[in-house]
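Take a look at these structures.
Common to both upcoming complexes is chain A, partnered first by chain B, then by chain C.
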Partner chain A sequence: MLLFHLGDRMAKRVDLLQGTLDLLILKAISLGPLHGYGILLRIQQISGDRLEIQQGSFYPAIYRLEHQGWIEGEWGESENNRKAKFYRLTATGRRQLKTETDRWAKMTDVVGDILTATPEEI
Partner chain B sequence: MKRLRAWMFRLGGLIRTERQEQELADEMESHLQFHIEDNLRRGMTPEQARRDATLKLGGLEQTKQAYRERSTIPFIENLLRDVRYALRQLRKSPGFAITAILTLALGIGANSAVFSVVNGVVLRPLPYAHPGELVSVQSRVTTGTPSPELLSYPNFFDWRKQNKVFNWIVAYHDDEFTLSGSGAPEHLDGEVVSSGLFPLLGVKPALGRGFLLSEESAGTHVVVLSYRLWQRKFGADPKILGRTIKLDKLSYVVVGIAPRTFRFPVQNPDVALWTTIAHDAEPVQGETLFTERGARSLDAIARLKNGVRIEAARAQMDSLAAALAKQYPEDNGRLAGAYIQPELDKVLGDTRRPLFTLLGAVGLVLLIACANIASLLLLRTSEREREIAMRAALGAGRWRVIRQLLTENLLLALFGSAAGLFLGFICNHVLLNVAKASIPRIAQTSVDSNVFIFCTLLAILTTFLFSLPAVMQIAKTDLTGSLKSGTSKNTQKQERLRSILVVSQITLGLVLLSGAVLLTSSFLRLERNDIGVRTDHLLTFSIGIPDAPDSIENQVGLYHQILQRLEHLPGVISAAGAGPLPLTGDQIVFAFDIQGQPTSTSNRPRSDMAFVTPGYFKVVGTPLLKGRDFTKLDDLHAPHVVIVNKAFADRFFPGEDPIGKRIKAGPKMREIVGVVGNARQSVLSQDAEPIGYLPYYQVPIVPISVVLHTSFAPRALESTVRDAIASLYPQLPIYDVRTIENLLSVQIAQPRLQMLLLGTFAGVALLLTLVGLYGIMAYSVARRTREIGVRMALGADRSMVRFMFLKQAMKLVAFGVTFGSVGTIAATVVLRNMLYGLTPYDPLYFLIACCVMGVTGFIAAYIPSRRAAFIDPVGALRTE
Partner chain C sequence: MSVLSRIRTWWRAIIYGTRIGNEVEAELQFHIDTYADDLARRGVPPEEAARQARVEFGRVGVQKEKYREAIGLRLFDEIGGDIRYGLRSLYKHPSVSVVAVLSLALGIGATTAMFSLIYSALLHPFPYAGADRIVNPRVIDEKHPQIPTWFALTPAQFDSFRKAKSIDSILGFFLEGLQTTGGDLPEDVSAAYVTSNAYSFFGIPAMLGRDIQPSDVPDSGQPTNVVVLSYRFWKEHYGDDRTIFGRTLQLNHENYTIVGVMPSRFTFTETVGNADVYIPWTPTRTPGLFPWIKLKPGVSLAAANAEFQSFLNQFRQETPKHFPTSFRVSAQPIIEPYVHRAGRTLALLFASVVLLLLIGCANCSVLLLARGEARHHELAIRSAIGASRFRMVRQLLVESLAISFAGAAMGVGASFWLAKLPLQLMPNAFPQEAAITINFPILAFSIGLALIAGLLSGLSPALRLSRPNVSQIIQSTARATGGSTSKRTTNLLVGGQIALTFVLLGLAGAAIAGFMKVASIQLGYDPHNVMVVSIPLKRDTKKNQVGRATYIDQLRERVSSVPGVISVAVASRGIPPGQPPFGIGTLGPFEILGRQSQQQPQAEVSLVSQKYFATLKIPLLRGRVWNQTENQRGDFVAVVNQALAQRYWPNGDAIGHQIRIASLKDDGAPLSAASPQSGGWRQIIGVVADSRNDGLERPVVPAIYVPYTTFMWDGTAFFIRTAGAPLTFVHAIRVALHSVNLDQRISWTADLEEVLQHQPIWTQQRLFSILFSFFAGLALALSLVGIASTVSFAAARRTNELGIRMALGAQRSHIVWIVIRTTLATVTSGIIVGVVLNLALEKVLRHWTPGSVFAPWMVAGVALLLLICAAIACLLPAKRAANIDPMQTLRCE
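After this line comes the complex of A and B, so read on.
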């Protein structure tokens, strides 16, 4: 299942994308506070560069999560002394990550079952 | 909860936008830097690195916008932005802004002033519990036109006992008392009431109690004091209850203190005490008012039982009245009905209608002001056509442009309304001064929250009114068209719209103007009315003589002595006593019989009566037309005589010589010994009313006032007079000291107020119309400069050019006057009740109004036309 596309085809899957992108961001931050660019890098790194994230929808997602109160941003300095806004997970964010992960697991199970179904099973 | 949080965040976003925008930009910048560094590390050139990073991040502006839409409520943010933009726009054209705001301030200010009066007088409920249940109860005259009539005690007692529709019914009448004992004697207004007044009104006394039913019987002397009197005279003594005070030389026990703000009757703020009807129960010459069914002196107020409608009360009281009329045809024959109306209606009397008429008139002024602003806005819209086109080209929708415009206009209206409120506040004070006490409850009006709400609503309403033409223009035109062509195609259409506006201004202005002319001429006629007495050098005052029942002969002697003393004062030409005084509107009406013309009791002729001392007619300057004046010999022992005025003679003895005729007014037959000119009790009545004058020394039954004819300014005599009387009777208070001018000005205060207001409104309307017409003509001349050049080059001379523009303007005026005459006919119907002795359909007044409007229109048109005529044709042709 291809989650991330480049270009205009992506827009057609906004609903799916949005939830997923949020989940990925939450996960990335849960491993330690990161600034925006760092989050992007970490997601790409963990996915083994199989995912490229459209950055135009990235910051809106960050702000959305911030408004939900799931992540908190704070200005600080990066390792090379550059000023950046670091995000970390809040308590509610942590809970949200857990429920979202469970939901995601359940859904992939179901979808996986459907996709692997053989004619005899139906 | 989460949603709430998000909204809080968005609301917060409205305020914190600027800081957040900065933070957002910082974050984007830091992101870019990280990305560029990475790219550089991968070996890109600096340009490549930046380009790649920027591309990947996507549109910075879109990201920001996505952020913004999340972080605020777009509608409100747009609104705030519109407001900021509008403020900038208004600052950029201060001339327009100030003109519009001032015009609106004038319109809304006048409206708020009039509304504050309407609000305070008409709309404010009576200051009692559940005021909607309170009704006024009077007898109704059932012969001829139905009119209210006061109640007599027996009728009141019967109604109180028999009715099943009222919880409470209380009778009352004004009276006057002299408070003596502590300090100088003082004259006080008081009210004589039956029991149950406080529970009826739903008011709790501040101290003590109200009156009991048992306190209505003869010999009881109890009193409730007003809060003010208690404070002023008795030092707010908390132990006053049970103490006695001296009123008219009798001892009254204080049983209660009214609350601080209590007023009853509501239109008389000066009432200082209340006592029970026991006051009237004492027999006078063997008779008491309690048993005289024909002696009508009472008003009554009642509270409807829960759920009883006023119609039901009317029906029951009518049947009670009809039964009484059958039972007592002598006294009640013509009163076979009850006159029941909401108490507020009775308090307001006939002031409601003129007030609403004035409110309507001032509304017209606002409409005219709106037309002016609308016209200005149309011009401004076309001036801003390119700006609007630019905004449209940049993606602003039509609605967005209109909304921006409306925001700007609403802002104007709100500024105007605030200034108007301030103006209204000032006008309210002026109004109260001019109105004096001629309108009930007016003294308590103020600019309160209702007026504030009214002004705000007016601001919104006017915004839509004066924005309408401009909005229509924007809605119809091709927004981007003017950007392409560079010139406006809408000028023609716009000028037509503005012409329509000017015509409607002239229409409304003419309606106001005709109204003002009518009221002014009516008022002038009122002032010129022959009132039958001299209008200067008269001083009147009353003396507080205790009406102890045994002192009638003493009273006669007392007045005789005082008048003689006063006549010898320097500066006094002559002195006399009379009651009721002319021009006060006070009346004492008697039914009488003419000897030799027997009539049924209910159809007896009725006339005003007045009681005067000898020499009165000379004092006030009413001419003796026939026969003789009273003399000192016309006393209790002499033959009974009467003098009548001309109106009396004309009505009751048409074509006959009334001298020597005899009438029976009261118990005695009297001979008419003289005829005098018509003196008015009230200036406001159409024609002089018949009055019969009885010699006070023969019938000393009512309190009289003293009238002095002075040789110099009457007010200057006041202290001399006070001293003279004090030297004779130090215990007698002098009150109601007034000159004839005072009496007159109180009487004509209401029509004068109406005239002044409508006149002012018409003046403002005229001014606004003038400005409106001038504006459109000046613009027309400016726009047609080139055309004028061409015309002149082709041989048109200056007068032809001038005529061309004058014709255009006068055409507008003609249209306006035509429509206005229709409106005027409608308006005169409304005004009819406010006119005194004038037929509203007289074309003369309308012609005057038309002429004034025409001249105004001509002036407004002449100046621009003249300018057009002096345009230099060569210069005009060279312009673009």
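After this line comes the complex of A and C, so read on.
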């Protein structure tokens, strides 16, 4: 069962590129305040479960973003009536998300162009 | 924004560490629980769901560390851990730690003290705004280039000078001696007339009331008579009375309204002459003004001098008598006289405390190395379980830094006291307004010093100890015998300590010998129970020489009738032993009848009465001293000192020859009065013994004594020998002077013995003797502790070996010898290096402390002292090592 599970995952999911987790977290929060678990769920949901997020690096990424002042955490009540910490984007965070998104788009364009180049084009 | 948020998270994580940790845990727990709920909802059995959620996340506690790491606090936490560990290990070895901390505390404290003294006395002594741009206006007479003088300006000149381009602002002032009137006995008050911009020039608000303001001297209309008091004058005359405003102070029969009191640090600097009260200047008060100039920022002295020169050349054409015939301007930053007086002293003291600090660091290193030997096992284990060398070095350095910062904290406290010592011992070498405070630059300096000291003392032990031979140390249960490199390092450190201590001891010895020489010098006169009373004379424009001479004689007569006064002499200039601050003046030329030589003879000319020699007990060697009639006349006679007689008449036939002193001729200056033939030929009628007249440390210069009536200014001085402590007679003398003339006052008095003790060379040698002895004593103590601890640690390391030797029949004395021989050899080589260093430095030190005496016997004495002390320091711990019971040691094995 477990073996199958692992194989299943390996077949379906891709690992995140270095540094993109921050961007995804910012994006997830930009749609509305979320607690940590919610962020994880939302990313997985949007990606259609195709992304594997390392549990070990998920919270440190959130702490780092908070430390940099891009997101802000506040204690509130969750849907199951428990105390949970909700994160939302700050103004600088919003700017950061925009810059990072633009950079990402440019990057994928360039990399995509290179990868799809045909001998004739070169 | 993001910087702020970083600081905020750090702040919270550091200050509210536990709470933040709990929050992080709670957040994660929520995550795990919710995840488990979700799993359960998907059909996983609840227990299995909880387990799976936990497995995926790992332990909740670890998350706290991850949090701190994510926000970049890892290094902080690790170093914090190192510090805690370091403090624990210091606490575990209290004796070693206390000695190490004290060693550095002494060095850091002394160095900080000297730095704060330099900072407050030479770098930032004055409270004035823009003090580094204020300059003394000086002109140098090309004829007497060694004595620069200040120049005064007429009000019109002052106004035009003000417009010079290099001048930012300019203060005009004039000092005058006034008297309080309207009270019982008149009292002398030194008044400074200052131009009404004084407040904006100095930028120092009054402590009470207000400063002098431009509105005190309106452009038109009558100026108001207001006065601002100096702090000291206020304290002495009004106690702490804060309600004195509006009251009247009567000076020279004129009423002034008190409007303010200046703060204690404002003394109008003694470069100028301290003032008791400040009064707004008006042209009716004094006809002239001395300028004090604040240059514009960025104007060089050379540029300012060049500009002032053209102004002054113009002024000289208007008022030729106010300036020398040919001169150049040489403006001088106000700090310069003090740098000249105290700069070398401070530099030398600073160098010696740096030596002390180095000795302290070496001591600390020796102790850390010795203790490190005992910690080999611990360090080996740390290394074996994976500590990197970097981390171990860091850990050991953090320990030594903890020691040095503890030392610095103690040292800075002590430095506050130590820094004041030179100010008290050498009062006239430093600006009066300098205030020793512990301020930011000084704290920053001491923190920097602590860092350097910590690294210096910790580096060699850290590098040495962070490379343990793991397998060897862990295998052997016995104490490690210690690497030879470690011993070599220790020996090097101890040897270095001894060498530096030797240098300091040599310095102290030379300073003490120098002071003894100064204190026991043959003065040639007897200062005991003699005082100088300075007598200002009323300015009389009639220039009546006879009248003035008669008046002085009348005063002298009356003073000599005061009970307890043994003898009174008049001397118009010159207080022995000469040299500033009571300098006699410099050599001037004279002629000898019938002798033409390439080099004009030079001598010091003193204007005295015939009683001068008896009063100061200067013996008459040949011939006679002039009598009362000759004294009244002033002309035709002269007495010379032995130095002059021997130089120009080596055969001893000086008496009867004729000499002439051109500078005594009537110069026509408004304040002087001369006898008819003052510049004419005089016969040498007597030769007196030499007495110091060019400072204590320099040889006696040729001197000519002539009757004071020959040339008189608007002031003279009485030398009074009394039956008891001279200054107790001042009141009686004041009363006697008043009985001749109600307005006759005294401007100042000085006990000749005190004058002697204010000689720069005297105060400097005393300061050097005291401080160098103090520093050398500390250095010696530190080195001895270093030696003793080296020996006792070495002995402890060899307990086994010694036990076996004793069991095999070695004598106690032999054991002692084994233990101390390496250290003794080190000490001996340290002393040899010290001797070499001392000889090498001697030339430099001679130049820097001209008053100190360097002699070979001193080097020998210091070497012997050091050797004896070192031997004792070796023997004490060695004897204890030899007293152990061999069976006990062997059983310990």
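In the analysis below, the second predicted complex is superposed on the first by the 104 of 122 C-alpha atoms of A that agree within 3 Å, B and C clash if a C-alpha of one lies under 4 Å from a C-alpha of the other, contacts with A are read in each partner's own complex, and residues count from 1 in each chain.
Going forward, contacts are C-beta pairs under 8 Å (C-beta built on N, C-alpha and C of every residue); 3 or more make two chains touch, one makes a residue touch a chain.
Treat the numbers as computed from the prediction; the structure is a model and nothing was measured.
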Exercise for review: In the overlay, answer first, second, both or neither for which of chain B and chain C A:G48 touches.
Suggested key: neither
Review point. Can A:P119 be said to touch chain B (first), chain C (second), both, or neither?
Key: neither
Check your understanding: Which of the two partners, first being chain B and second being chain C, lies in contact with A:Q68: first, second, both, or neither?
Key -> both
**Study point:** Set intersection of chain A contacts, chain C complex versus chain B complex
**Key:** 35-37, 55-56, 59-60, 63-64, 67-69, 78, 80, 82-85
**Study point:** For the chain B and chain A complex, residues of the former touching the latter
**Key:** 2, 5-6, 9, 23, 26-28, 30-31, 33-35, 37-38, 56-59, 62-63, 66-67, 70-71
Exercise for review: Flag every residue of chain A that touches chain C in the complex, lowest number first.
Suggested key: 35-37, 40, 55-56, 59-61, 63-64, 66-70, 75, 78, 80, 82-85, 90-92
Review point. What residues on chain A touch chain B, complex-wise?
Key: 35-38, 41, 54-56, 59-60, 63-64, 67-69, 78, 80, 82-85
Exercise for review: Could you please specify the touching residues of chain C with respect to chain A in the complex?
Suggested key: 1-2, 4-6, 9, 23-24, 26-28, 30-31, 33-35, 37, 56-58, 63, 66-67, 69-72
